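Look for chain A in each of the two complexes below; its partner is chain B in the first and chain C in the second.
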Partner chain A sequence: MAYSDKVIDHYENPRNVGTLDKNDENVGTGLVGAPACGDVMRLQIKVEEGKIVDAKFKTFGCGSAIASSSLATEWLKGKSVEEAEEIKNTAIVEELNLPPVKIHCSVLAEDAIKSAIADYRAKQASRKKAAAE
Partner chain B sequence: MKLPIYMDYHATTPLDPRVLEAMLPYFTEKFGNAASRSHAFGWTAEEAVERSREEIARLIGANDERSGQPDGKSIVFTSGATESDNLAIKGVAEFYKEKGNHIVTTKVEHKAVLDTCKRLEKDGYEVTYLDVDRYGMVDPDAVAKAIGPKTLLVSVMLANNEVGTVQPIAEIGKITRAKGVLFHSDAVQGIGKVPFDVNAMHVDLASITAHKMYGPKGVGALFVRRSKPRVRLTAQMDGGGHERGLRSGTLNVPGIVGFAKAAEIMRLEGKAEAERLVRQRETLKKKLTARLPEVHLNGHPEQRLPGNLNLSFAYVEGEAMMMAIKDVAVSSGSACTSASLEPSYVLRAMGVGEEAAHSSIRFGLGRFTTDEEIDFVARLVIEKVEKLREMSPLWEMAREGIDLTQVEWAAH
Partner chain C sequence: MDPFETLALPRRFGLDLKLAEARHLELSKTLHPDRYVGAPPNERRLALSRAVEVNEAWRALRDPIKRAEAILRLSGLEAEVGETREPKPSGAFLMEVMEAREALEEAKASRDAARVEGVVREARAQLGDAERALARAIDPVLDQGGGAAELRAAIPLLGRLRYAARLLEEARNAEDDLM
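The block that comes next holds the complex of A and B.
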């Protein structure tokens, strides 16, 4: 399959590969996909004062899956949580010029972002609840 | 050493320079139509074709029982193995339709066999697709049990193109012969590489192709047994009645000459070549498994094609792996490399988990593979698997002792 230069660049030089402390209350972790389907993404965000100050990923999957998650972490950094929520898979498709059979990789990246944010919010909510009690 | 390195010899092989040499005159000065009976151009072409038939018959042990000489007439030339498989299976099914309607095959056959069988099912035939064991091998007893009064044909491949497993053709041949059922084998991958003898193994029809054995693309053959039993077929191509009416169409003379030269080389050098390939394959396997944990062999450890090494690198996806080693041409059972987004049906039939199927890489070694290339590929694969595992959340989870089978994954 002929990939765009951008996919190859993200694949060969992936941005922000790594792990944040999932027990940190300012870190949200999203783990999406399934090994049986051939792709699993783990995307993590670290939030300070409503802004995403760090983002890391690890991905088991094809070149486009790796590139989609790498791009997502790049976009997440510096955004507010609300802005991050607005990231759509179609933007990833457009930026990476993904072929139709690889669109599901961008969907998975969007799911990973949403899942990381949801995890972060759940942590914040339980912290507030604990503080109130 | 030149890059990229070709390690996909199951897909196709380069032409042996000696084959090209043999073919060249038949494009230019010896260009005649083998069916032209009235002049020297035609006779020269026909002679070359008849010699070629014998050479190919010799390679697969298709000897006349009385004279012991190769029976060239049992070789029908086609455009390749897909056509040979179609002609064998549809040809038998149609010709013998008054006698029965049932075909027995396996779940790991090439699509040229499986899709032909599916077509016949639509036309009212019944097909049994036999399971294989975890090595990809079919059980001869299961073949025996599947044969019923309406069974016309059993079709089992000699060696599997993905995992390299060599099937027990001789045992199956004994069963089909005893039960009076015809036996077809798609022998494409194994010819010249593993023992194959149509008389000793009681094979009645065998599909072969030139381009998997260092011959040209676009030419193949179907062996059709001429006596004990005499196999009859309904032709699938109508026209000038070439190939004793079994396959009309002007013969591809240069291709056939090249095919025969490739067969001759295989007959003379195949055994030594196979020994070298087994050594190189085992070296590659040892180098990789010595350094990388959780690398699993797909297919049978011994009963396999000399040049086939199919490995699953756990926690690394196959297509990503192929991108990482882009200087090496290999193939993968991963879904991402197929248009259908389904992982390999062969691996699934063997009960290999979907994760492992997504992580499989097929290294196909062949005539021009060098020891230097083996060393290079081993080093490159080790480096890239380690890199991709560092990027893999599954690898990290497995290292932390998380049982991945117990995780609730959101399948998509």
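The block that comes next holds the complex of A and C.
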């Protein structure tokens, strides 16, 4: 199957590969997987004053899964958490010209974003609760 | 197609692979085109398509992932197996997968053959565990005439098998690269 130029570009020069400190209370970590292909994707965001100041990812999977998560980290930086929540997999499909058989890779990236935000929010909630006690 | 039926074998995950291979060889011989020289064209065509089916059945049964998929599909879980339809793996399990893949990546980057070999062993052990777990989840249900409702619990185990197979594949590739 032929990959689009944009997928190849992200695959060969992935942006923002790496790790943020998962114990940092301003860092949200999303860990998701696609059992049907044996893929695993970790996406992390660092939030300061409601804005995403950094995003990192690590994906073991096909070119489309790597490209989807790489693109997601590019899009996340500079967005507010609320804006980040609005990122849809269909936008990733459009940007990367993913074929129908690879749409599930973009779904995985959207799940990873949502899961990172949920983790960040859960940390903030427990911090507030701890401060109130 | 039911690969078990094609090779006249009982539908089980814990399959006797030696017997399955023997059936495949036996049927392939019987259906070989050399035995149909001079036979009517429709008989020749039929033998050829049966031979293709026998090969496909053997390919589906010798691979534990395809074998499990075949059983689940034939048991009415077709719509719940494959692509994005399978349940999401637990966070703890994904953490283990991520750690194993990262350890392999590091071992590869530092060209540490002993560590790569360690991952190969680990992946083999995981694969064996997943196969045994699948046999326990599938075979007693089939023996007792159970169906989709009882077999649904095997789907996450199939996911584990695929993750283990992927790890083994990657670890073996790394091993080849280091040789």
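The rule is short, and it goes like this: the second predicted complex is superposed on the first by the 129 of 133 C-alpha atoms of A that agree within 3 Å, B and C clash if a C-alpha of one lies under 4 Å from a C-alpha of the other, contacts with A are read in each partner's own complex, and residues count from 1 in each chain.
Methods note: a residue touches a chain if its C-beta (ideal position, glycine included) is under 8 Å from a C-beta of that chain, and two chains touch if they have at least 3 such contacts.
Source: prediction; values computed, not measured.
Undergrad: Taking the superposition as given, does A:A72 touch the first partner, chain B, the second, chain C, both, or neither?
TA: neither
Undergrad: Which holds for A:C62: it touches chain B only (first), chain C only (second), both, or neither?
TA: Only chain B is touched by A:C62; chain C is not.
Undergrad: Of the two partner chains, chain B (first) and chain C (second), which one does A:P35 touch, if any: first, second, both, or neither?
TA: both
Undergrad: Once the structures are superposed on A, label A:V93 by its partner contacts, choosing first (chain B), second (chain C), both or neither.
TA: neither
Undergrad: With both structures fitted on chain A, tell me whether chain B or chain C touches more of chain A's residues.
TA: Comparing chain B with chain C, the partner touching more chain A residues is B.
Undergrad: In the overlaid three-chain picture, which partner chain does A:P14 touch, first (chain B) or second (chain C), both, or neither?
TA: In the superposition, A:P14 touches chain B alone.
Undergrad: Tell me which partner A:H104 touches in the superposition: chain B (first), chain C (second), both or neither.
TA: It touches chain B and chain C both.
Undergrad: Quick check on the output: what are the common chain A residues between the chain B footprint and the chain C footprint?
TA: 31-38, 40, 42, 58, 60, 104, 107, 111
Undergrad: Over in the complex, which chain A residues touch chain B? Could you list them?
TA: 1, 3, 8, 11, 14, 17, 19, 31-42, 58-63, 65-66, 101, 104, 107-108, 111
Undergrad: Please name which positions on chain A make contact with chain C in the complex.
TA: Listed in rising order, the residues are 31-38, 40, 42, 58, 60, 104, 107, 111.
Undergrad: Which part of chain C faces chain A closely enough to touch in the complex?
TA: It comes out as residues 81-89, 91, 94-95, 97-98, 101-102, 156, 158-160, 162-163, 165-167, 170.
Undergrad: Tell me, which parts of chain B touch chain A in their complex?
TA: 315-317, 319-320, 323, 334-337, 339, 341, 343, 353-355, 358, 390-396, 404, 409-412
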